[in-house]
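Right after this note come the structures.
Two complexes are shown next, each including subunit A; its partner changes from subunit B in the first to subunit C in the second.
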Partner chain A sequence: MTYFADVGALARKDLMLELRARDTLPAMLLFVLSTLVVFHFVLPSDSSELAAKGLLWVAILFTALLGLSRAFAAEREQGVIDGLVLATRDRSAIWLGKALAILAFLGLAEIVALPAFGLFFTHVGGGTIAGVVLADVGICAVGTLLAAMATASRARELLLPLIFLPLTIPIVIGGVGASVAGHPGKYLAFLALYDAIFGLVAWGSFEYVVTE
Partner chain B sequence: MLPANRLPALATLALGLMVAAVALVAYVAPVDANQGLSQKIFYFHVPVALTAYALFGWGAWRGLRHLWKREQGADLESYVAIHLGVIFGAMTLLTGSIWAKISWGRWWAWSSDQLVLFLVLFLFYSAYFMLRFSIEPGPQRANLSAVYAVFGVALIPVSFLAIRISKDIIHPVVFKSTGPDMSGTMFLAFCVSWAAMLALAATLYHVELAGKRLDARLKELREALTS
Partner chain C sequence: MGLAQEYSLGVIRARGLEKRYGDRRVLRRVEFELPRNGFLLVTGPNGSGKTTLLRICAGLAAPTGGELTCDVGRPSIGFLAHEPLVYRELNALENLDLYGRLYRIRERRERIGMLLERFGLWEERHARVASYSRGMLQRLALCRTLLHEPELLVLDEPYSALDGDGAALLDRELAERRATASFVVATHEPDRVLPLATARLALG
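Let's turn to the complex of A and B:
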């Protein structure tokens, strides 16, 4: 149970930092709303609702990317990550705590973004909501690990989109499928499979990303 | 690792198989009834693609051995395998694109699962180089490269599944669960061609590895002399 206590403490730390400094969440909210407005002008006036539903996934992915690119910034700048790694605890708890915090940010951003999408474009169905929930888990699991990788490199924020987008193409395929298909079950099952596989790989490999 | 004196033998084997494959494809394998002569590119396109998978798989395996057993040199081997895998992947995209132009009339077909998959993999493994070369050489770079390589082999089946469930299929499916849909000589030409590609990849792999090791050794010697 101490493992989950560690995870909880780390996630709470990130949420508390966000509550005090308000760095990430307002940026994500403003970004996702701006993106939706841009999409309105991107789409020709007679284009179908399906195109808008596809673009929703672009907005979600890039909003997540915005939050992820700063995910480990505080840890690196203040040297917190070294302290956390030196603690004689399971290091994957660092990953899980961070992923949960990012999941909370992304979820909050979507609580605003999905109704806004419904208002600006077309109504959001149950398949889309279920798809977004499942996709968020995968995005945060993979994204947090890759963000830790990117902060270790010289290129930092520049690198993250390059390594993140190819890995999330399956999420986009599953998510868009869940949004536009008549029977989203197949796509939702696929998203759950993605979450399971990449969640396990990320959980198992985080240790090697932060240690030498 | 391969002893240095075996390398010429391996290279000769690759060359011999290559010549045999070209001869079989050109003279023995029958001309396809539907697609005509253009179908012959199949004997290069598919073996190149399968060899690229093999190289990505080998790169991930060496990466895993690095993380797991801390094997000496596994990091370099993983890098060389992925480097060659990207080259073979680019060749797959190129030959696939030529084939698509001839049989479907356009250079790129999003409805072709395998081509899309290779594009995703090509992007993913190209980012591998961005990652690897923006980290200082050392244990951390080896670890991150290895973790990324392991992600790659998880991505291959997942992407394949994703693309398969989302697309209508116009890509010719030659290998079915009931066995390959080819005549005997076609299958023979295909197998020889595949063996030739694998031998070529193995030769290139050992050549590049030997070069990289020589580089490292030279650097060590130079540092020993100048300090």
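Let's turn to the complex of A and C:
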């Protein structure tokens, strides 16, 4: 239980930092809304529902990327990561706390984005919502690990999209499939499997990412 | 670079320690042994590898050659770095509370209050750290370092940015803990801690 107490303290700290600084969530909200507006005008009026659903996933992925690019900003700028690495019994608690905070930000952005998508394009069904929830878990699990890796690099702004986007291709396949298929079960199972495998890999490898 | 004293029961033992960053060799065959409750004073000019050596001692960096063994567990190390390692958007209480939770300190509120009082930050405890002066940040960093009563204190330029009162306070803190903790201290003011030191390592 003490492990989860650490995770809770770290996630709570990230939420508190965001409440004070407000530099991630407003940017994510503005980005996802403006992207949907742009897509609304870009997509021809007789476009299919399938094309619109595909664009929803593009918007979600890039909104997540925006949040992830700021994930370790405070730790990087103030060198706090060294303090956290020394203070935590299990360094993976840093990853899990950060992933939960990013998950909260992304979830909040989607609470606004999905109704907006319904307004601009087409209704959002249960398969899409379930797909988005499962995809968020994978995005945050993998993205937080990669954000920590990118933070250690000088070219972090370039590196994160380059390593994050290829690894999220399975999420896009599963998410789009869950959104458009008549029976989304197998796509949702695929997303759940991705979450389990990549979540475990990220959890187990974070220790080596934050130490030289 | 030299080994000042030899001990048989070391908290830290370094043998042929080397560190390279690309082609640049920062540490070359460093050897020392720090006994329990010993005080190793590390001196040297800028760029001689003091900070690198301290980061290796704290387990934050790995040597590229030789070996370093440390008998103190990570949660029992107090590390004072160049950066204060606190969040600027949080206040002193929130920062220390986070570390107190992670270090699982019992009666952490009392301990945090006592440290803030002692280091003259109690009145500023609700102010965001971003508004602190460099000296106040160093005092807060010392509170963070001492919060969990570490067995091994790894201090990089602890007197940096401290005024006369702050430096005298730190002198007292080091002297009080001298009997119960082991120290690795890098400083450009060696005379200040020389009376406490059991060994001296000159780098560069």
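We adopt the following convention: the second predicted complex is superposed on the first by the 211 of 212 C-alpha atoms of A that agree within 3 Å, B and C clash if a C-alpha of one lies under 4 Å from a C-alpha of the other, contacts with A are read in each partner's own complex, and residues count from 1 in each chain.
Rule of thumb we're sticking to: contacts are C-beta pairs under 8 Å (C-beta built on N, C-alpha and C of every residue); 3 or more make two chains touch, one makes a residue touch a chain.
Source: prediction; values computed, not measured.
Engineer: Look at where subunit B and subunit C land on subunit A after superposing the complexes, then choose clash or fit.
Structural biologist: fit
Engineer: Taking the superposition on A as described, I'd like to know which of subunit B and subunit C A:Ala9 touches: first, second, both or neither.
Structural biologist: Only subunit C; A:Ala9 stays clear of subunit B.
Engineer: Under the stated touch criterion, which partner chain does A:Ile169 make contact with: subunit B (first), subunit C (second), both, or neither?
Structural biologist: Touch status of A:Ile169: first partner only.
Engineer: Which of the two partners, first being subunit B and second being subunit C, lies in contact with A:Tyr194: first, second, both, or neither?
Structural biologist: In the superposed model, A:Tyr194 contacts subunit B only, not subunit C.
Engineer: After superposition on the shared chain, which partner residues are touched by A:Val209: those of subunit B (first), subunit C (second), both, or neither?
Structural biologist: Once the two structures are laid over each other on A, A:Val209 reaches subunit B alone.
Engineer: Can A:Gly125 be said to touch subunit B (first), subunit C (second), both, or neither?
Structural biologist: neither
Engineer: Is A:Gly54 contacted by the first partner subunit B, the second partner subunit C, both or neither?
Structural biologist: Neither partner.
Engineer: Where does A:Gln78 make contact in the superposed view: on subunit B (first), on subunit C (second), on both, or on neither?
Structural biologist: Second partner only.
Engineer: Using the superposition on chain A described above, determine whether A:Ala21 touches subunit B (first), subunit C (second), both, or neither.
Structural biologist: It touches subunit C, and subunit B stays clear.
Engineer: In degrees, to the nearest 10, note the angle that opens at the C-alpha centre of subunit A toward the centres of subunit B and subunit C.
Structural biologist: Roughly 90 degrees separate the directions to subunit B and subunit C.
Engineer: In the superposed model, how near does subunit B get to subunit C, counting Cα atoms only, in Å?
Structural biologist: Checking C-alpha atoms only, subunit B sits 5 Å from subunit C at its nearest point.
Engineer: Which residues would you name on subunit A as touching subunit B in one complex and subunit C in the other?
Structural biologist: 211-212
Engineer: Show which residues of subunit A lie in contact with subunit B when the two form their complex.
Structural biologist: Touching subunit B from subunit A are residues 145, 149, 152-155, 159, 162-163, 165-167, 169-170, 173-174, 176-177, 186-187, 190, 193-194, 197-198, 201, 205, 208-209, 211-212.
Engineer: In the complex of these two chains, what residues of subunit B are touching subunit A?
Structural biologist: 67, 120-121, 123-124, 127, 130-131, 134-136, 138-140, 143-144, 146-148, 150-151, 154-155, 158-159, 161-163, 165-166
Engineer: Along subunit C, where are the residues that touch subunit A in the complex?
Structural biologist: Interface residues on the subunit C side: 58-62, 74-75, 77, 79, 81-90, 94, 98-99, 101-104, 128, 144.
Engineer: Help me check something: in the complex, which residues belonging to subunit A touch subunit C?
Structural biologist: Those residues of subunit A that touch subunit C are 2, 5-6, 9-10, 13, 16-17, 20-21, 74, 77-80, 82-89, 211-212.
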